[in-house]
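Shown below is the structure under consideration.
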Amino acid sequence: MKIYLKIWRQKDNHSKGCFKDYTVDDVNKDMSFLEMLDTLNLKLVKQGERPVEFDHDCREGICGQCGVMINGIAHGPLKNTTTCQLHMRSFKDGDTIYVEPFKAAAFPIVRDLKINRSALDRIITSGGFVAVDTGQAPEANSIPITYQEAESAFDSAACIGCGACVASCKNSSAALFTGAKITHLELLPQGQKETHVRVTEMVEQMEKEGFGHCSNTEACQVECPENISVLNIARMNYEYNKSKLLVKK
Amino acid sequence: MNTPFLDTKIPEGPLEKKWSNYKRNAKLVSPNNRKKLEIIVVGTGLSGASAAASLAEMGYQVKSFCFQDTPRRAHSVAAQGGVNAAKNYKNDGDSVYRMFYDTLKGGDFRSREANTYRLAECSASLIDQAIAQGVPFAREYGGYLRNRSFGGVQVSRTFYARGQTGQQLLLGAYQSLMRQVKAEKVKLYARHEMLDLVLIDNKAKGIIARNLDTGEIERHGAHAVVLATGGFGKIYYLSTLAMGCNASAIWRAHKKGAFMANPSWTQIHPTSLPQSGPYQSKLTLMSESLRNDGRIWVPKDKNETRKPNDIPEEERDYYLERKYPSFGNLAPRDIASRAAKEQIDAGKGVGALKNAVYLDFSRALKEYGKDIIKERYGNLFDMYRKITGINAYDEPMKISPAAHFSMGGLWVDYELMTSINGLFAIGEANFSDHGANRLGANSLLQACVDGYFILPYTLANYLAGEIKVPKTNIQDKEFDIAEENCKKQLESFLTTKGEKTAEEFHKELGKELYDKCGLSRSKQGLEQAIENIQKLRKEFKTNLMVPGDAAEVNSELEKAGRVADYMEVAELMCIDALQREESCGAHFRQEYQTEDGEAKRDDEHFSYSAAWEWTANPSEPKLNKEPLIFEFVKPTIRSYK
Amino acid sequence: MMIYFKNALTRKNLMALTGLFLSFFLIIHLLGNLQLLLPEKEAQLQYNLYSHFLSGNIVIKLVSYVLYACILLHTLDAIYLGIKSKKANGPKLSRDRRSRASTWQSRNMMFLGIIIFLFLVIHFKDFWYHYKFGELPHDENGNKDLYTLVVNAFDSIWYVILYSVSFLALGFHLLHGVASAHRSLGVYHPFYSKLIRILGYLFSILITLGYLIIPIIIYIKH
C-alpha cells in the first residue's frame, strides 16, 4: 500500500506548526498505525531529517500514552480503539491521512505530535485517591462488595488516561476523565467516605487546569478506548451538587 | 563460604520466623528524623510507585522519576492475568508454605528460600492493601473475592480484575503516589531518564537525569537511591514489553559496582501474538489466563493447509495435554513456550509465517456459552480482533512465544540492597524471588510486596545509620564527573554520524539474542553470539546515526543510549548462559536435557546465583557465586507430567 | 463563593435549571396560544380575555419576572461558557471530523440559541411590547384586541416562515437540551437517563409541532 501523510510538525509549544507532506510506499495492511510512522521515521532519519516525534509506549492499548488526531478524529477511524491498536487495514491504498496532535489549551504541545498531559495527573493529585496509608488495610473480605458493584466500579476504573475524551470534546472538557475517577471510587465503600471532598477538589482542579465545560454531546464515549460511559459525568454532577447542597462542612 | 561482597544478610531462625525476626531487630528512624532524609526512587511502576508512596507516608522526602509522561503509564499497567496471594479463600489447601513451595519449584530451585518465603508471607497483606485503595477485584455474587487458577499451581490463588489487573493495581499505587505529591512529600519528575548513578565515598548518593522534554541534564542528590526500573526483555527487540522499557538504569548502576545476577534468565511467554512481518515493533501479550479455558494444539500433519475449523479432532495434536496430563494447558510458562517452539521448529507451526500454534476456545464456548467466555476474556478477544482482524469466537487464536520477563537483574541481599551501599533494587529490576522461571501472577505480587511491605523496613534499617549525614551536595566533584561523562556519551552518539539507526542495531541484536540466547541455548550458539555481539557493538560505535541535538526532545538520542547499554548487557547475558552448564527453568541448554527433552538441572555444580561484577571490559566480567542453600526444602526434579 | 460562579459545573447547573424552567413555560405558553385555533369569534374573545388575565395577575407578574431572569441568565451563561470553551480549545484543528461522534444539535446549541434569541427579540417587539406599551383597539368585552394583532401578523408568508424556522431551531435546541439538562443536574441512573431522553424527544417534537401549526393554520385560514 502507498499512503500519503500530512503530519503536523511543530518545534515546541512556542513556535508555529504546520503540515508537512510525506509518502510511505511499503505499507502493509497488518502494520499498526504507529509501525507505519516508525517506517516513515526510519526513512526520515536515513535522509538526515528529524523524525516525527510522537507519544507511544506499551503499544497494546493499555498505557494510554499514544494518541493523535487521525483525519480529525481522536485515535483514528475505529471507535473505542487506541492509536496503537489501529491497523493499516482500516485504510485504503492511496489514502491521504492527516495526523495532528490532540489539541487543547490544557495539553501544550511538546514537539510535533507529542503533548503534555500532566494536567490530568494534577486532577488525580487533587483528590483522585483513597486516603489509606500502607499497613492500615483491614482484611480484604471484611468489606463485601457485590459482583455488580465491583463490575460497575471497574467500568469506570478502566480509564487509561489517554486524553482522547478531551481531544474529542468540542469544549475540551475533561469531564469524562474526572467523572470516571470520581464514580469509580464512589461506587466502592472504601472510597465513598471521601466522596464529597474528592469531588469538590477534583472539579475545582479541572477548572484551574483550563478544561472546558461538558455539554453532553457524548462524543467522548464514542472515541474513548475503554468506552467509558458518559453517565459517569452525570454521576460527577450529582455528587458535586450533593456535596455542595447537602453535606455539612 | 560467602565472599564478603555477597553477604545475603538472611536472618537467623526457622523459615517462617525469618522475616519477623528481621523486623524485630531492624533499626528504625524516628518520625522527626525521617523528614530530613531524602530518597530517590527511579521508576513509577508497581514497585516504584508503591515504594515511593509508602516511604512518603512514613515521612521521608521522596523524589520520584519516570521516563513516561505520567507515572500511571509504567509497564506494570500491561500485566493482565492477576496477582497471587495465599489467602486460601477457596479452601483448596493453599497456604503460605505451599505458595512458597510452588514459587520455588516453579523457579526450578534457583532462588533463595528466605526471599521466596517472604514473598508468599506478605502476599495476603497486598490484597488487603489493594482493596483498601479501591482496586476493583473480581467478586462473587455474595460480595466476596473471587479467585482463578494460573499456570504451574494446583490451587486457585490468583486475584484478578478482568484482564487488567496490572492496570488496576498500578492505578491504586499511582493514586497513593499522587496523594503524597499533594502532601508535598513526593516530588515527581516525569519525562526524566536516569543516565547515571553517583557514588560518594562508596555510597549511592544521587543520580544524573536527563529531562526528556528539554534535554537538560540534571543532578539529584539523596541519602539513598532505589531502582525500580523493571525488566529488560525489550533487549530482544520483539518482546511483550513497552517500547521504552530498558536496562539503562540498572546497567549504569552495574557499571558503578552493583552486581548483575543471572542476567540470561528471561522468561519467554507462551501466549503472545505471532510476528506478522519485518516492520513489527512489539509482540502483544495475551494473558496466560486464556489457558484456563483455551486448548493449545497444532495440526498433526506439517503440510496442513486447511483452515483450523476444518481440521478434524483426530488430526489435531493437543501437545500440552498429551505431554503433561496433570497440568495440561496450564503447564508453567517455560515449559509451554519450549513445547510450542518444539512444534514450530518441527514445521508444524501455523499462520503465514508458520510461527504460531492454535489456542482454541471451541470446547469452552460449547461448555459455558459465549456470554461466560465473553465475561472472562472479552477484552482479550476484542484486543485480538483489533490487532489481527480475526474474531476468536469463531476461529482459534494464533499464538506464539515472546520474550517477557527478566528473572535476572541487579543482585540484592535479603534487604533488597545491591552490592553498592545505599542502592536498592526492587521489583523486576532485581533478581531475587523467581529463580530461573517466574510463575504467572507472581510478578505483580513481587513488585508490590517489595514496594509496600519490604523496602519500607529494610531501607529504614539502612537510613538509621545516615541520620547524621547532611543533605547530599550536588556540587560534589563526583557529580561533576558523572555529568561530564553523560554529556560526553550523548555527544558521541550525535557526532558518530554513521548510517544505521539505533533501532536497526537493536533489531539485529535482538534477533541474534533470540536465536542463540532465547528459548534454547547451546555452547556453540552462545560463543558465536558473543562474537557477533562484539562485532555489532564495535559497529555501533562507528556507524550509529542520530539526528538532531541533545538540548531538545530527541527520541532517537534516547534510543541510542538504551541500545548502547543493551549491546553490553547482551554479551553478559550470553556469558552468563554459557557458564551455566545445566538447564533450569527458562534457561535451557541443549546439551543438558533428559531423554524426553526436559530441562536437566545440575544441583551439584550450579546451585548458585551468578552475580557478575563489572570490570571495565564488557567481555570480561568477574563471576561471584552466591551459593543457594536449601535448609528447609529439598530440591527435586521439577515435573509437571 | 467566587469559585462557585466561575465553576463550569455550577454554571451548567444554572443553565439546566433555567432551561428546564423555560421548557416548562413553553407548555403553558403553547396551551394559551392554542386558543388562537378556536373558531374565529370565540378565539378573539377568549384569547383577549386570557391575555388580559395574564397581564393583570400579580402571581403571573412575579412568574414573568422569573421568566425574564431565566432568559437572561440562560443567555449570559451561554456566552460565558462559549468563551470558556473557546479558551479551553486552544489552537484549532486543521482537519476536524470529531462531529462523527455526536448529534448535530448537541454541537450547535449556541447557533440554535442565537436564532431563538433573535426570534425572541422580534417576538417581544411585535407582540409583547405592543400589548404592554402600544395602542391597541379593544374587543367587545373591553379587552385589548391582541388576537387581531396576531392574526394580521401571520398574513405575511415571510412572517410565517420566520416563525417556522425559529420553531424548528427551538425544536432541535430542546431535542438536546432537555435530556442534557437532566444530565447536568446529575441524573446518572441508566434507566431514568434513557427514559428522560425518550420523554425529552417526545416533548420536543410535540412542542415544536404545537407551535408550528399555529402560524401555519392561521395563515391558511385567512
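Going in written order, the chains are labelled A, B and C, and every chain counts its residues from 1.
To be clear about the criterion, a residue touches a chain if its C-beta (ideal position, glycine included) is under 8 Å from a C-beta of that chain, and two chains touch if they have at least 3 such contacts.
Worth saying up front: this structure is predicted, and the values here are computed from it rather than measured.
Chain contacts here run in a simple line, from one end chain through to the other with no loop closing.
Across the assembly, the chain pair joined by the most C-beta contact pairs is A-B.
Rounded to whole angstrom, the centroid-to-centroid distance between chain A and chain C, based on C-alpha atoms, equals 37 Å. Chain A and chain B, compared by their mean Cα positions, are separated by 27 Å. Between chain B and chain C the centroid-to-centroid distance comes to 63 Å (mean Cα coordinates, whole Å). Residue ranges on chain A touching chain B, taken from their complex, read 12, 28, 30-32, 34-35, 38-39, 42, 45-46, 48-51, 53, 55-65, 78, 81, 85-87, 89, 110-111, 114, 116-118, 120-121, 124-141, 143-147, 149-151, 153-154, 157-158, 160-161, 184-185, 188, 190-191. Remark: chain B residues 50, 53-54, 57, 68-73, 75, 77-78, 87, 89, 125, 127-134, 136-145, 161-162, 164, 167-168, 171, 174-176, 178-179, 181-182, 188, 190, 213, 240, 242-244, 276-277, 279-282, 284-285, 383, 386-389, 452-453, 456, 499, 501, 503-504, 545, 547-548, 552-553, 555-556 touch chain A in the complex. Across the interface of their complex, chain A is touched by residues 3-4, 6-13, 81, 84-85, 87-98, 100-103, 106-107, 109, 176, 179-180, 182-190, 193 of chain C. By the touch rule above, chain A contacts chain C in their complex via residues 8, 17, 19, 69, 71-74, 79, 98, 100, 103-107, 167-168, 170-173, 183, 203-204, 207, 210-220, 222-223, 229-242, 244.
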